[in-house]
Amino acid sequence: MNNLEAKNSKGKNLSKKFLGLFTQTKTPTPSLIILYIIMAVIFAVSNDNFLTIVNFKGIFNNFAVYGIMAAGITIVMIAGGFDLSIGSIAGLVGIVSAVLLMREGFIPTPLVVIIALVMGCVMGLINGLIITKVGINPIITTLGTLATIRGICYFWAKLNPRIYNDFIEGLGRKFLGNVIPYTTIYIVVIFVILSLILKFTRFGRDIYTIGGNESLARLAGIKVDRIKIITYVISGLFAAFAGLVLISQLGSGRPEYGDGAELEVLTIVVLGGVAVGGGKGNFLGVFIALLIIGSISNGMVMMDVPVYLRMVVKGALLVFAISLDAIRNRRRLQLY
Amino acid sequence: MAETRLQESNKERKKVGISNTLMLFIVLVIMIAFFGITSQIKFGQQFFFSILNIIPMLSNISYIGIIACILTMLLITGEMDFSIGGNIGLTSCLAALLLSKGINGVLVVLICLAVGILMGVFNGFIVTRLGVNSIIATIGTMSIWRGIGYTLSNGESMLAFNPVIDYLGRGTIFKYIPFPIILFIIVIILTYIIMNRSKIGRRIYAIGVNPMASYLSGTNVKGIKFLLFIFCGAAASLGGLILTSLSAVGMPQHGQGLELTVVSAVILGGTALSGGKGQILGTLAGVLILSILYNGLTMLNIMYFYIQIIRGIVLILVVATYEIRQSRALRRV
Amino acid sequence: MTENNIVLKMEKITKQFPGVLALDSVSIDLKKGEVLGILGENGAGKSTLIKILAGNYIKDSGEIFIDGEKFEINNPGEAMASGIRVIYQELNTLNNLTVAENIFIGEQLVKTGLKIVDWKSMVKKSKIILESLNVDLNPKAVMEDLSVSEKQVVEIAKALSKEAKILVMDEPTAALSEDDTKSLFRIICTLKEKGVSIIYISHRLKEIFEITDRVTVLRDGKKVKTLVTAETNTNELVSLMVGRDIKEMYPKREVPITETVMEVKGLIAEGVNNISFNLKRGEILGVFGLLGSGRTSLVKALFGANPIKSGEIFIKGKKVSIKSPRRARDSKIGLVPLDRKMEGLALALGVKENITLANINDLGRGFLINKKTEALKAEKWADSLNIRTPSINTEVNSLSGGNQQKVVLARWLESGSEIIILNEPTRGIDVGAKIEIYKLMQDLCEKGAAIIMISSELPEILSIADRIIVMSKGRFTDQYTKNEATEEKLLSAACL
Amino acid sequence: GCTTAQAATEKTVAESESGYALYEQLRGYAQANKEWPEKLAADYSLAFTNIMGGIPFCESVWQNVQDQWKFAGGDPNKLYYADNQYDATMGLQNADILLAKKPDVFINFQFDSKVNSIISNKFSAANIPIIAVDVPTPGAPFMGVNNFQVAYMAGEKAIELVEAAGGIDAIDKIILMQMPSGGEVVMLRSEGFYQAFADKYGADKIDPMTIRGDGGAGEAEQANQALTDILSANPDIENAVLTSVNEQTMSGCIAAVQTAGRWDPEKWIVVTQGCDETGQQQLRDGLTDASVAYFPEKYGEYLIPASVALMNGALVPPFLYVENEVITLDNIDEYYPAK
């Protein structure tokens, strides 16, 4: 217990030192980093292809879509909200853009991109309006829009558009100097910018306040509804962008794309230390959670764990990670 | 003075108690009427209102209902169990495996329930003792359970014929009423009594509303949460057994995505995920609405993706109406 | 006085809540640079009145004038914009953010130009504010680690963080020690000189006389009278408040003090360092100390909610190990915690459920609850403690502070505790209710109970406690019998 | 030798005269792909469950079933439909719902053969005949592909291409992108492929160079991620043989190779199965080298005659195998004229 606390406080100093900008107080990040290092060592020992650029290109490309979605849902969740519809939004945006691109040059690419992103924002707006104005629990609302939007995707099930458009194709596949995937750059840029917004703008701080205690936020004169709606729009926007990356990486548009992404992303975000119910969370944590989840499946292929065992290992690692973190962050012992 | 206050308060209690649930049941009735009429019009005969349709539908959802009722109790304490789906997958594979080893059916049932309880214990432990957020913890265990299911069955589905197992899902009482429906009804009654009349039920609500206050009033918060996780584990594996029986097959895919179905049903029933609020009858209504919706629309030859759209809209509309009614009630005062 | 120096005028304000007419055409006015006290029993409508002023509740009818202009306040933002700042009765802090951030919630300081949040100056400014309140709190500390009293200070700092025209304080000193109160008053005086008008709500008449210029008395949602403080006295105010004369503010009966029921030896726990004392049947043991002195930690340890590192507890000579509140309850200990809303009550449940919360087991034989029994039990206490509520099924949420406190007390009376620990039992409770509670405490003692009472209110502890132990920095510093004890002694011992 | 052969031929002739005549005749109608001369399906009802609505393969099957039903004079209102969404539980529910509508024939397209046994029990209890599609249903005539055989064909085609490309030694790995969640039957689609190689070159040579990946639910996304991991785990793969359970999975796989920047049509021998619209496009785009066609758009030409035959009390052969074809860029236009 004692040395645990000791480690704990040391960890905190560490985090204070080199994570300063991106972290709020009490971040799970240090334990996540420790965990990731442990994982990396194990994988690296069992297969020397793990710690290679090639491999990390793969890992990063694999979680690009989830990473981009995570950006939006993190904002929403810090503000105390929830968004399960991101997978469906990505799917719909993906297939619609693919359909729009079917006839070469029929609609100019930039316009398609704009349409795509606007679609995302609109769906986010709808979520936000239902949640704030009608006042329905966000989980129900987005569970509903999840089903609805996914259903709409199937309107285009019959034509199965492939992507021949160079720009869109490059979006999720190109590398900077043949080393750094574009997708990685997107994620890093997005995370950094959002971190700065969260830390250094009133909007960002208000998000934390609303997530921490909504009625208090109202008493403090914060325009709670407006800010909440904006967070959902942001989430929709990034889901839409993720949808574009998705069709880029898969080279086609299909109605089922993005199916089930919500749980994956939720796992990543919560593992990254974003509090369900709001008020807590930072992007460094999410980023490392992203690395962990991304590397688990990759690492298991490396160690070639039998296909059927992979699920078990993945789940076990997840539970281990979150438990480790819980123990580490338990500052006073849990009474209830 | 006391007496008058008492009477008036009883009145109040009645007013508050049912409103939400009542509305759901009204929606239910409307839906049933709608499907009855439309199927009459479309096909010139009554496909929907027929024993042949209603009974199998009910036994097909009985296991979902059972799990939903138990999960409602857990949700009211403010915790969540996503691992139910994986639990079902594991249980059904285990059951089939044991049966294939020629183990006695009753024993198989007992073993499976025991394993289900163990899964609950595991969830309960990491959530209450290690203080892990239950949503992500159970997302983790969900994939552990299912993975074990795949490993046990080596990814193959296994026939599971056995008198006992068969009866669990396909046996009937009085020749017509399927056994799982009886089980479902029993669970509804039990959970209803627990949540509305019993001492532990009161504690469950109190924990959901303010765990600290409950703790400082001598309630064993961790213990009760632990217990409810165990209930969920047991309920899920019972569900797994019923599903195994209904399909006469044990397969790791059983129960895939079930968690979202059940949770939507529970929320539809008016349970607050933040805890402290919820009713068993509401959950019952939620389960019925979702399943009848699917049944009726399929009956009408509606494509699956339309069904999805409609399901989503109904989910939002129902809850929206509920919210609106509530805020009106507040304004009126 | 001429009209034009009237800053705020609230005319015929009426507010109806489910089952309660909280305000019945109440009118007040507030002059520039004056301190207006508002007095009233629990549930008189004080907080409601100021919540309407703050745009937190919407009034049913009535008018509000600021500087003579009619003014519609629809949300807190508008109120703040027009220079109204409020310290609410309930704590409103964000536990996982820092002190500095809490002080500037919703209006973080930003650098000119880019409008970037300026953490440095926020920390600096909050340090200044906190120093002016002379408490040494690290602005970077996380709210979570603060004791209730420390949080209350942050609340005040929050209200002072920005220039205000009208400053409303709803029982700001409820959780404060004497010193903090003094420094707060110093600040109030300087603000007055700056021409800030202040509405000051408190149940502590001592403070009302010390700080206010005029005082408005409310009763049952109606305004009774407004008087100039200098021209009135305690008895008049009290009788206006409660509608009858009150002879004795701190009634004290002689209760036979008999054998020892509880003995604590060398108790060490989080925030508590080697405390020993004993408690006798029929005795009221006062525990005095300043902010963060460890009193709450102590009682939590005694109640099993704060793990005991070492030390022994004997009850009726038998050594007991109290590992959890459940054990404490079973050994007939009861706790009325400091923070009603967070620790005391399940706000969304009814009065009934809250009263029976600690002994659900007695609500009928076996597995089920006998609703009739429960209702009758609840009714009994609702009546005998005279809890003001439309019905025993009303959410405690909507009860006023005092009545909420009574509900918590009722819970432990219901479970027949013999050792009752009350942490600031009369915090935020009106004179009438206070006296009722003092009476209640002594009735209990007569019935053979023993009571530990934490209190920061000197007159109260001096006159109600039979014996007083003083704590400082988690240590025991001194103890006095009722007759020895004086304010000076207690304060000096508390500062050791 | 020849006597037995004769006996065999006589036997089939006899059978067709005795039992299958009607089916053969109707099959003829159907293949003409226009209105049948006789409206034999009128005032009958038919129930059809689709294995996974939405994916091109199943859409084609469903489309053809509808067309043929119309040609046969069936009432669209009496063609009952449900979507099993690759989910045995839903398959079960749908079967119950359709059973309640008492169709005259039930076409069951559901992925788990074992779950089908309980379904078949229920329908035979109500003595409603079943026709199984692609996945066997006990006691029901089977229509569709023999998964193992088709996979084997694919394997043989791949071997042919391997030989052309300089023999097995020039190949680094053989990658099977499988779909465990699809159950055994679907597994055969890749294991048959493997078997072809094992038979040709010997298991001990093939086993070490075989990689089995979990392509998830038969959709592009997870397959893409899975292959990405496999590629990074095997950075030295240059020449590879790649197959998968269906065209969607394959599209994800190819995208993965491209994204990894390791795509070279010359060095990757890609043989797939299904050849639905996605597959045809992939062939035309030169992404895949060959695809074994299941001709989903022809399924109705077997299913409806069989159903109508059963409705009219005639017998139906126990196995109605699609004549699969290996489609390549050379012969694709014969089967699927470019639009």
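Some notes on this structure:
We call the chains A, B, C and D, going by the order they appear; numbering starts again at 1 in every chain.
In the analysis below, a residue touches a chain if its C-beta (ideal position, glycine included) is under 8 Å from a C-beta of that chain, and two chains touch if they have at least 3 such contacts.
Values in this document were obtained by computation on a predicted structure and should not be read as measured data.
The leading chain pair by number of C-beta pairs in contact is A-B.
Chain B has its Cα centroid 29 Å from the Cα centroid of chain A.
Mean C-alpha positions place chain A and chain D at a centre distance of 37 Å.
Centre-to-centre spacing of chain B and chain C amounts to 44 Å, using the average Cα coordinate of each chain.
Shown for chain D are the residues that touch two or more other chains, namely 53-54, 180. Contact of a single residue of chain B with at least two other chains is seen at positions 150, 155, 212, 214-215, 303-305. Residue positions of chain A with contacts to 2 or more other chains are 154, 157, 255, 307-308, 310, 335.
Here the touching chains pair up as A-B, A-C, A-D, B-C, B-D. Chain contact summary for the complex, chain A toward chain C: residues 24-26, 199-202, 204-206, 208-209, 212-213, 216-223, 275, 279-280, 331-333, 335. Across the complex, chain B is touched by residues 130, 134-137, 139-141, 143-155, 157, 255, 263, 266-267, 270-271, 276-277, 306-316, 318-319, 322-323, 326-327, 330, 334-336 of chain A.
Chain B makes touch with chain C in their complex at residues 1-2, 5-6, 8-10, 12-13, 16, 193, 197-203, 205-206, 209-210, 212-220, 276-277, 333. Within the complex formed with chain A, the chain D residues making contact are 53-56, 59, 178, 180, 212-214, 219-221, 224-226, 228-235, 248, 251-252, 254-255, 258-261, 277-278, 281, 285. The touching residues of chain C, counted against chain B in their complex, run 16-18, 303, 305, 324-326, 328-330, 335, 337, 342-349, 352-353, 357-361, 363-364, 367-369, 375-376, 379-380, 382-383, 390-394, 411.
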